[in-house]
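Questions regarding the structure given below will be posed in turn.
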Amino acid sequence: MSNGKTGKINKEKILGIIKNQGILIFFALLLFSVSLVSDRFLSARNIILVLRQVSITGVMACGITFLLISGNFDLSIGSLLSLTTVVVINLHDKIGPVPAIIITLGVGILIGIINGTLVGYIKLNSMIVTLGMLTVLQAVTLIYTGGTYSAISRPDEAWFRFFGRGYILRIPTPVIIFGGLVILFHIILNKTVYGKYLFALGGNRTASEYTGINESFITFITFIVTGLTTALAGIMMGSRLMAAQNYIGEGYEFTVLTAVVLGGTSLFGGSGSVIKTLIGVLILGFLTNAFIIMGFPYYVQWIVQWGIIIGAVWMDVASKRGKLWA
Amino acid sequence: MISIKKTKEKILELKNITKIFPGITAVDDVTFEVNAGEVHALVGENGAGKSTLMKVMAGIHIPEKGSISYKGEKIKLKNPLDAKKKGIILIHQELSLVPQMTVAENILLGSLPSKKGGRINWKELHNRAQEAIKKLGCQFKSTDLVEDLTIAHQQMVEIARAISYDAKVVIFDEPTASLTQEEVEVLYKNIELLKEQGIGIIYISHKLNEIFEVSDKITVLRDGKLVDTLDTDKTDEPEITKKMIGKNIEDFFASKKISKYGDEVIRVENITRKDEFENINFSIKEGEVLGLYGLLGAGRTEVAETIFGINQPDSGQIYFKGHEVNISSSKKAVHLGIGLVPESRKEQGLVLGMSTLENISLAKIPYVHNYGFIQNKEVKEIFDKYKDRLSISTTGPNQKVMNLSGGNQQKIVIGKWLCLNPDLVILDEPTRGIDVGSKAEIHNLIAELAETGMAVLVISSEIPEILGVSHRIITMHQGEQTGVFTDEEVTEDKLIQSITSHAEDICKV
Amino acid sequence: MKKQITDFIKKQSIWFILLLSLIFFGTMQANFLTLRNFQNIFLQISINGLMAIGMTYLMINGEIDLSVGMIYALCAAVVIGFQPLGIIPSVLAALATGMVIGAINGIFVAKAEINSFIVTLGAMIGVRGLLFVYTGERAILGTDLRFTYLASTRIGGVFPLPALIFLVFLAIGEYFLRNTSHGRNAYAIGGNQDAAEKAGIAVKKHLIINFVLSGAMAATAGIIAASRMNTATPTLGRMNHLWVIIAVVLGGTDLKGGYGNLVRTLGGIFVIGILDNGLNLMGVHTFYNMLFMGSILILVIFIGKKFEPLKS
Amino acid sequence: EDIVIGMTANNTGVDSYQTLHDQAFREKADEMGVEYTILDARGEPMRQVDQIMDLMTQDVDVMVVWPVSGQAIVPVLRQVQQAGIPVLIANSKVDESGFELVSGFAGPDNITQGEYAAQMMAEALDGEGRVVEIMGTPGYITAEERSQGFHDEIEANYPGIEIIETQPADWNRERAQEVMENYLTKYDDGEIDGVYVGDDNMGVGAINAIRSEGRGDNLKMTSATMFADGYDEMQSGDILYGTLYQSPIDDANYTVEIAVKLARGEEVEFFNYFETPKVTDENIAEFERPVW
């Protein structure tokens, strides 16, 4: 093989990588530039810290990745996070941790069933249904607690703290849960029939139906998956705080969506990846962390975050398109 | 009033045009011209670059190389508006209408007449639209919503758009793909009308008989390159075909073999869906090809979709392999052993963003999984097998289907069902928009399927096709079954009569 | 015929709901059907209503603007902050602010072809940052009391001026939608962007204009809010985008684009305004109030779906 | 004759304090035999303005407003005044320009609370040290005042103490925990000495972070309002040096009493602060564990 030829192949390969991994490069640049400013930034301790901080968002993002790939949408996850956190904390002392966890997961499934029925079977627009659910679930949470705080009475003795504060082999449990979920979801998405169906559904709903895929059922199931991951996040949140505020999840829907979309999952379905979602989640996490380390006022963070969201997505679409402007 | 120009003035000339897409040179150094009052046909296999060349002409694509001259003067077309201003109108392969808007607004889309102060001049809008509609002899009104029109009528709207505009060149990109014979006649008349007005016309079609009927000149493209430009009356179908695909082609319909029929696979009795079709009866045996012929809108697709479980019949029974079945979903149909190659490849048949392998195996994977996990090895074997069997030309299992030519896309859809080895395959317009070569292959395939003992239902609006592939033909008209013909007794005339005896014209001229 | 009836019901369902709520609150609450209360309602709906005008245009285009609430808040701050320069200059500054942010949104949506959900989600966060930078995290009090007349003036002593501004803008907006190329092109772009482009409509320019319009409407809403409060507060506008979207959707505008009009958006705005006002008058506990509003939204689209004409 | 109180609250349900305030308000009003319409502005200033107008339509006898923004309600209060309805401002103050429009204020003094927290911080650190701050939702008057009181007091009286960082955590325990974690990463042991939090709820989040980093030995915290978790924390640990006892029930009872007086046309003081005493290890035994 001549040198010239390998050179060319390499160049093409590199271009191809840049095209598909725009977001990864963006992430690397971010890490690099902040690490120039602060040597603490890339310390093992800080990395573990950020990983732990993002794990709740990350767990939710896994479910939302599935949902977005299948061409649906969920704005109610923030409220559901509030509800499940409140439920698990509230029930912990009353009926014990295990039943509390089971019921909490049950709540996640139930809300998934409701959303899934409305969107999958009754075919209502998922954005509007879940916009309605956002308000409804927040109201349910408030009605359930009467608007007061819930807390676990002896936080230091409860083993329940394990999910949010514990360690496995010196790695925080939430990080393990999040990591495990990323691997699990990545495998499901890429190796199973269900995963393939998600792509098919998001790619072309009609064609999926004409292929004998039970479109309603897959949508239904996927909302349940989202409900479950959100409930799991609620359990982690409860365990991390050992207490619950009624509005604890407020705004999470947008954080999660931002992360998933930063990772390059299409808002219209048909494409996406759990690994890239992981990167999107990490970008947001490291960004917040970097801001505080660099001592920016919080509102400057918001302005920069604006730039980052647009910049990252722009980089992604522009690299696919081959030019900056369409 | 209309001066018929005898000396043909050159309106538009494309010189040495090259258009490159990432990874493919879609048009390669092509020179092409259009003369006033002349129909210039453009032919070539799927993916030969016909549409791309036309999009260059209409200002949608900007060529990498080459020049365009308009009435002898070099011009640059930077966007569709530039081309429109020059009177170059492209009627797309895929209809480009806004379904929610009225016929009039669609006709004058992008240049709605307005009074001073920006207010739309509705009167003028409707007058101009109505005038165009009237010229075409269509029955719909300028105030109708496009979404309420049939496909044929929608296409008329596109033609009306070209007429209403001061067109100099009108490009028809596969205008007849979803038109019936009669509508095609109407179209021809309209083309004649345009010709008389001294408009230059470019006509793209895969149906060579049409090409020979309407065109004055034929240009053949292959793999983006110009093969030849010939005068229509100095050539014939075999020659053009040969130039298109680079080799001789046997008569496509010769492959029909009467095989031995086996047991009955499906029998439908009096199935009815309100407002769609009524009392449909037929049965198909193993090894038999049943043709279903009718006009667009006859309800054939609805019958097919009902058998496939997309919709449920209001009344009537379906027996599958001797048992009465209730096919409540497409999933159930697939379980029973029914496959449907739908009429709209892109919307209903394929997930365009997915790879060839993924598309071909999409229906199969629920049958070969291992605890939900896809068996990659088996799937790859399936892919290889059907790629060979259907001679699908693709760069590999990972190629996105959106990058395949229409014929190969259609084969992927067929392959999706074949790998399930179904008892009944329904093909709805299996060769729509597909070039002659691929068409012949698909016809051969249909015969092969029957030979292996499958029952096949073919829906087609093309008489030669339906005659060529079917062992038996039933006809439908406005939701009613109007005839059953065996292979021996059927003739073209009988078919036409059966579907037109009570048909009113769609668009009278 | 049946299709026409169901079509009619679906298209006009918002008015039935409006009527129902009027009857309900009218019988439940003595103070509901009073002139005073309707003055309140008209005043209250005008802010979300103005934003809904821009949002309707964008949703007809098939786009969305999540940043309206924050643009509204920032413009309210700007109009107060610039008050020392005089009322007219401050109003112009606020309008300019809204239009510039709208233009930024529009440019990224139209020219960079980034999905509007993401572009305006980013703006929603970023503009909030600008708001905090501008206000220095504190509320700024207006100095010129004349500015409050804008909101407190009643035309003919009866009709609140902000509501009049809203209704006039709505009427103009509807007129444009129905009768100008720009308006008709909005439907064309939302219905089939590809076709619109091929027909030579300047889609990019059109989209940018509508985002600017949305920004300008949000700015107008902000000016009115500022006039009602005579204050720039950094906590303004956090939920408005959701209510505006809900109102527009209730009015039957399709999120996918191509359908909708401002008259029905007015219906949606009224329903939201009347429910909120009625529930307030009844003193319904805030938790149940939220539950009610969320359920109504789901119920209404459920009913809309039920009456959806069958696909031909 | 029947008295009707119209109330528009700041954001019921967002924390236990506000919720209990709401409950206590209703109970007290029931107990005193007066009627009430209680609305909730959910933290939106414009919504509160609307609600004040709705309450005017109801012809209530007295209006109680817990301002979302002390400035934004001033113009509408002018209308209320013209309508002749007395207004009592509850819990957070109205802007000074609105003083002439209202009949009084009842509630805690958030600025003083910030000052108290500063004084306790100075005690805890012996007047010497670097302090980081975690505040409530920015833009809200309570958060702003508690922060402002703290800053002013430190600047005026404790030159040895330096406030090096301020970040908001929106009254949210999870966010407070995150912010604290990031502070701890940024500043090594010994680089910060004190943490000031807007309330105990955020404080407990921050303490979670401090504990899990094992940095409890060299950090002292003061807070501006006590919650149940803070009470437990103060008894069991020694990071939380001092907080303030502020009872929503006292707050609400007091407010209702004054509102009823106003409705009856009785004279009331303009400022009706109720006490929010300092709580430290030394005097915690004197207080009951809060139910909020």
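First chain written, first letter: the chains are A, B, C and D, and each begins at residue 1.
Please note the rule applied: a contact is a pair of C-beta atoms (placed from the backbone, for glycine too) under 8 Å apart; a residue touches a chain by one contact, two chains touch by 3 or more.
Treat the numbers as computed from the prediction; the structure is a model and nothing was measured.
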item	value
Interface with more contacting C-beta pairs, comparing A-C to A-B	A-C
Distance-maximising chain from chain D - centres being C-alpha averages	B
Distance between the centres, which are taken as Cα means, of chain D and chain C, whole angstrom	34
Euclidean distance of C-alpha centroids - chain A vs chain B, Å	43
Junction residues of chain C - those touching two or more other chains	132, 137, 286-287, 289
Junction residues of chain A, two or more chains touched	142, 147, 298-299
Chain B: positions in contact with at least two other chains	none
Interchain pairs in contact, sorted by label	A-B, A-C, A-D, B-C, C-D
Chain B-facing residues of chain A, complex	191-194, 196, 199-200, 203-204, 206-214, 270-271, 322
Chain C partner contacts - residues on chain D that touch it in the complex	9, 12-13, 36-40, 42-46, 49-51, 53-54, 56-59, 68-76, 79, 95, 97, 137-141, 144
Of all residues in chain D, those that touch chain A in their complex	12-16, 18-20, 22-23, 138, 165-168, 171-174, 177-179, 181-183, 185-186, 201, 204-205, 208, 212, 227-229, 292
Chain B - residues contacting chain A, complex	22, 308, 310, 329-331, 333-335, 340, 342, 347-354, 358, 362-363, 365-366, 369, 372-374, 416
Parts of chain C lying in touch with chain A, wherever the complex brings them together	108, 111-115, 117-119, 121-133, 137, 242, 245-246, 249, 255, 286-291, 293-298, 301-302, 305
